[in-house]
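See the structures that follow.
One chain, chain A, links the two complexes that follow: it is found with chain B in the first and with chain C in the second.
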Partner chain A sequence: MFIKDLTCISPQRTFEGDFFQSEPVIYTGSQLIAIEPAYESIPNSQLRRMGKSNRMATGAAMPLLQKYKTDGIIIGTTDGGMEDCHRFLNQIIQYQEGTLTPTNFVQGSPSSPAGGLALMSANSGYNNTHSNKGLSFENCLMDADLLFIEARAKSLLVGCVEEISQAQHRIETLAGYIKKEDVSSDKLYSSKTPGAVNGEGAAMFVVEAKNDNALAEIVDFDMISYPSREDLLTKADALLKRNGLTTDDVDALMLGFSGDVNTDNWYHGFAKDLFPQTGILSFKNLFGETPSASAFATWFAAQLVSGKPVPEMTFQRWSSRELKTILIYNHYQGNQHGFVLVRKPAPSIPQRGK
Partner chain B sequence: MEAAELKAKLKGQIIEYLNLLDFTVEDIADDDQLFGPKFGLDSIDALELSVLLEREYGIKLTDPAEGRKVLVTVDTMAEYILANQTAA
Partner chain C sequence: MGRIVVTGIGVISAIGNNASENHSSLQKGNTGIGKAQFLNSKYANELLFGEVKLSNKEMLASLGNSVVSGMSRTELLAFTAFKEAVNDAGLSDTELSDFDTALLSATTVGGMVETEAIHADANTNTTPSPFVNSYRSGAHTLQLAKAFGLRGYTDTMNTACSSSANSIMLGARMIKAGKCKRAIVGGVDSLAKYTVNGFNSLQIFSDEITRPFDANRKGLNLGEGAAYLVLEREEDAVKKTIYGEIRGYGNSNDAYHPSSMSPEAVGVRGAMNGALQTAGLKPSDIIYVNAHGTGTENNDYTEVHGMQQIFDTVPPYISTKSFTGHTLAASGAIEAVYSLLSIKHQEIYPSLNWQTPMPEFNSKPQTEFVANAKVEHVLSNSFGFGGNCSSLILSKV
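Up next, the complex of A and B:
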């Protein structure tokens, strides 16, 4: 499938800023908070009721939905509006299961962004939400791919959104998934301590079945849960082979290094075993860890293959090769592992009459 | 509680419950139509307002017809609260 256009709200100036022309924003702490725009595409009457995840998803997706006619909307989110969900659950206790307001319940539902976008853009086509924890984005891609294969769609909005909820942040910190100490994001990989840093945002894509002046191509993707190291290598090798590629055809790996000393060994092992010479890029020192981090990686990779300069702090192993093919490998908490292969598309052939 | 004091408090609560980003207490007149063009409220806001009455003043609106008479202006809401309040 081909990426026609894309947007991203993230802890970096990716939405309306000059991310690729300026120095990345450096954070200290364990939360990388999204830089939210003014949301001019959302009427105030609707904005006032939106939780953060809904706001970010709508703010990122609406400019695309206003620009392109799509046959459906597919959104991935693991936790959805968790802040609203917690508020709603707390109200059940606080008001002794009395009358509750509907807003927090609606905003806390993971399917709220996809449904809200359909209503706002009057899109009555396919509408689905995938909440598959660390593989939500990969499942969105699979959904889109199947629709394209079955010729049920030509163009789709696909994307992911995640927000940091403070209760979830505390739980994940206690569980050791988030760093207990403050760390500067530009020194994330030298921290050598357990846990990642939390991130949030929304990455949205208009994907098409055919190449019509696309920015990038999502050549293939795959996923596996609870693999052995051998399983993982076999999976990656198979992905390359079925696309007629070898490891040497990959210009750079984009690996989900999170700074977690307990789980980053997956990436070190993967690169050492299969890609010992290939350039390595990171992205979580820019965007933080989210269950659908691969969506942010795909946004970043698509920008790089379309010619954007590589931010220096993302180079983990230097390569002078032009970035035409990038293999994204990301895992969530060491359990769910996903691959996305992104490539610079061949120039599209003009259709008759165009 | 005096009517004037109640109305000022009520306006603040309406802004808070409905998250009316563009409005301050001073922007809401006692006789402004809550469901008129000025505020752009809808049926979900009506639910939020009835929850406000229950949580803040211990008043439960059970009859929709009654709700349509009460949730009209700050004046009508305050009048109803003063007549029916059971809890602060």
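Up next, the complex of A and C:
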């Protein structure tokens, strides 16, 4: 499938800013908070009622939905409106199950962004929400790919949103998935301590079945849970083979290094086993860790294959090769592993009028 | 490409702990709705629920060594139904761990059922509770994958009350497109303080037993349960018992309101039309409809109105939520299992508690059990908040 257009709200100036022309924003601490735009595409009355994930998903997706006619909306989000969710939970406990207002309950549902976008763009087409922790974006890609294969859609809005909720942040920290100490994001990979840093944002794509002056192509994707090291290599190898590629065709790996000393060894092992010479890029020192991290990686990779300069702090192993094909490999907490293969599309053949 | 057939089913609900218990209750017209014994909520005594008649401890004991510590009720329900389905289909360990075996599940509440533990982990605990990895959506799917050694595609959908209709749909589509060889599909939700209070705040609970499609309906009773189906290609299932095929599916968004449905039934009609289209069937081919039928004012009106737009003559329709209560993300899969049982046994189950026709329509649900029916094609509807509408057509093979 082909990426026709894309937007991203993230801890970097990716939405309306000059991300590729300036130095990345460096954060200290374990939370990389999204830089939110003014949300001009959302009426104020609606904006006020939205929780953060709804706001970011809507803010990122509406400009695309206004610009393109899409046949459906597929959203990935694990936590959805987690802040609202915990607010509702706290009220249940605080008021001992008294009379509560439903706003937080409704906003807290992961299906709220996809439903809200359908409502705002009057789109009664296909609508689905994947809420599968670290593979939610790969799930969206499968769903979209099938609609294209079935010829039930030509163009789709696909994307992910995640918000940092303070309650979930504390839970993840308690469980050991988030760093307990403050770390500067430009020194994330020298921290050598357990846990990642939390991130948030929304990455949205208009994907099309055909290449009509596309920015980038999502060639293929795959996933596996609880693999052995061999399983992972078998999967990656099969993914390249079925697309007629070898490891040498990959110009760079984009790996989900999170700075977690307990799980980053997956990436080191993967690169060592299959791509000992290939250039390596990171992205979580820009965007932080989220269950939908591979959506942000795909946004980043699509920009790079379309010619944007590589921010220096993302080069983990330098390569002089032009970036035409990037293999994203990301895992979530060491359990769910996903691949997305992004490529610079061939120049599209002009359509002849009939 | 051949048909996508169902070779295994597993279900646990208020009317039984396995498929044969559920079947027997459906035949006899025995509802499972009543007072909740295990739900930890002040509403447990005030309202009626479709609660599974097993404690967590009992479920844990019957699961034996496939479970790990720190499993929420959601996970226990999922494991119970999942195990029944894969055993029923006779899937070997090798087949389960095949890269080509997919697992597509669904839930809304997930591990949020452990309200007190979450609250403590988020606020006061200095060491994590045993449930710390269970809270987030997708946790039960991961637990299933880990426990049963699945290495293929996994997915967890949350489109509120239509969630597991979507997991069935996506599993069938994946097999059809050659993305996997077999798929275990379904969903789960447990009765939870979180959802009980959520639905209460929306004021859609009935203070008496739910009466789907009745003029005097007052709302829904919340239920819980899980169901899984094993989907395979017909050519891979030659020696197996086949319950039926996943013949058609449709998904459409109502694009009207976050928590109620449009009077024009845009999404409802879109989903049913989509299902008929993919099935290559005419509306008159549908023998009966397993309706979404929540018993709320809004749903039942919209659903009958939608059916009247699609069908010249509305076929018999039932709401098995009058047996189970509304099991949210599990309902699509539970009702798909019921549809398959009715196809296998060639019978139609009754819709319970109906007395008075809705004033807007000259229409009533099927209220009698029909044995020796000729059931070829069943349409099963699932509609959720956020405008998510999905329909499935299950057919006799």
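The rule is simple: the second predicted complex is superposed on the first by the 353 of 354 C-alpha atoms of A that agree within 3 Å, B and C clash if a C-alpha of one lies under 4 Å from a C-alpha of the other, contacts with A are read in each partner's own complex, and residues count from 1 in each chain.
The working rule: contacts are C-beta pairs under 8 Å (C-beta built on N, C-alpha and C of every residue); 3 or more make two chains touch, one makes a residue touch a chain.
This structure is a prediction, so every number in the text was calculated from the model and none was measured.
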First, second, both or neither for A:L47, with chain B first and chain C second: first
Chain B versus chain C as contact partner of A:T101, first or second or both or neither: both
Touching partner for A:L286 - first (chain B), second (chain C), both, neither: neither
Contacts of A:V183 with chain B and chain C, given as first, second, both or neither: neither
Touched partner set for A:A297, first chain B, second chain C, both or neither: neither
Winner by number of chain A residues touched, once chain B and chain C are compared: C
Doubly contacted residues of chain A, that is, touched by chain B and again by chain C: 99-102
Chain B-facing residues of chain A, complex: 44-45, 47-49, 95, 98-103
Touching residues on chain A, where the partner in the complex is chain C: 73, 78-80, 85-86, 88-90, 92-93, 96-97, 99-102, 105-106, 109-112, 114-116, 118-119, 121-133, 135-136, 139, 142-143, 145-146, 149-150, 167-168, 170-171, 174-176, 223-227, 231, 235, 291, 335-336
Touching residues (chain side chain C, partner chain A) in the complex: 41-43, 99, 108, 112, 115-116, 118-119, 121-123, 125-128, 132-133, 135-139, 141-142, 145-146, 150-160, 166, 170, 173-174, 177, 179, 193-194, 196-198, 200-202, 251-259, 266-267, 270, 384-388
Complex contacts: residues of chain B adjacent to chain A: 17-22, 40, 42, 44, 47-48, 50-51, 54-55, 60
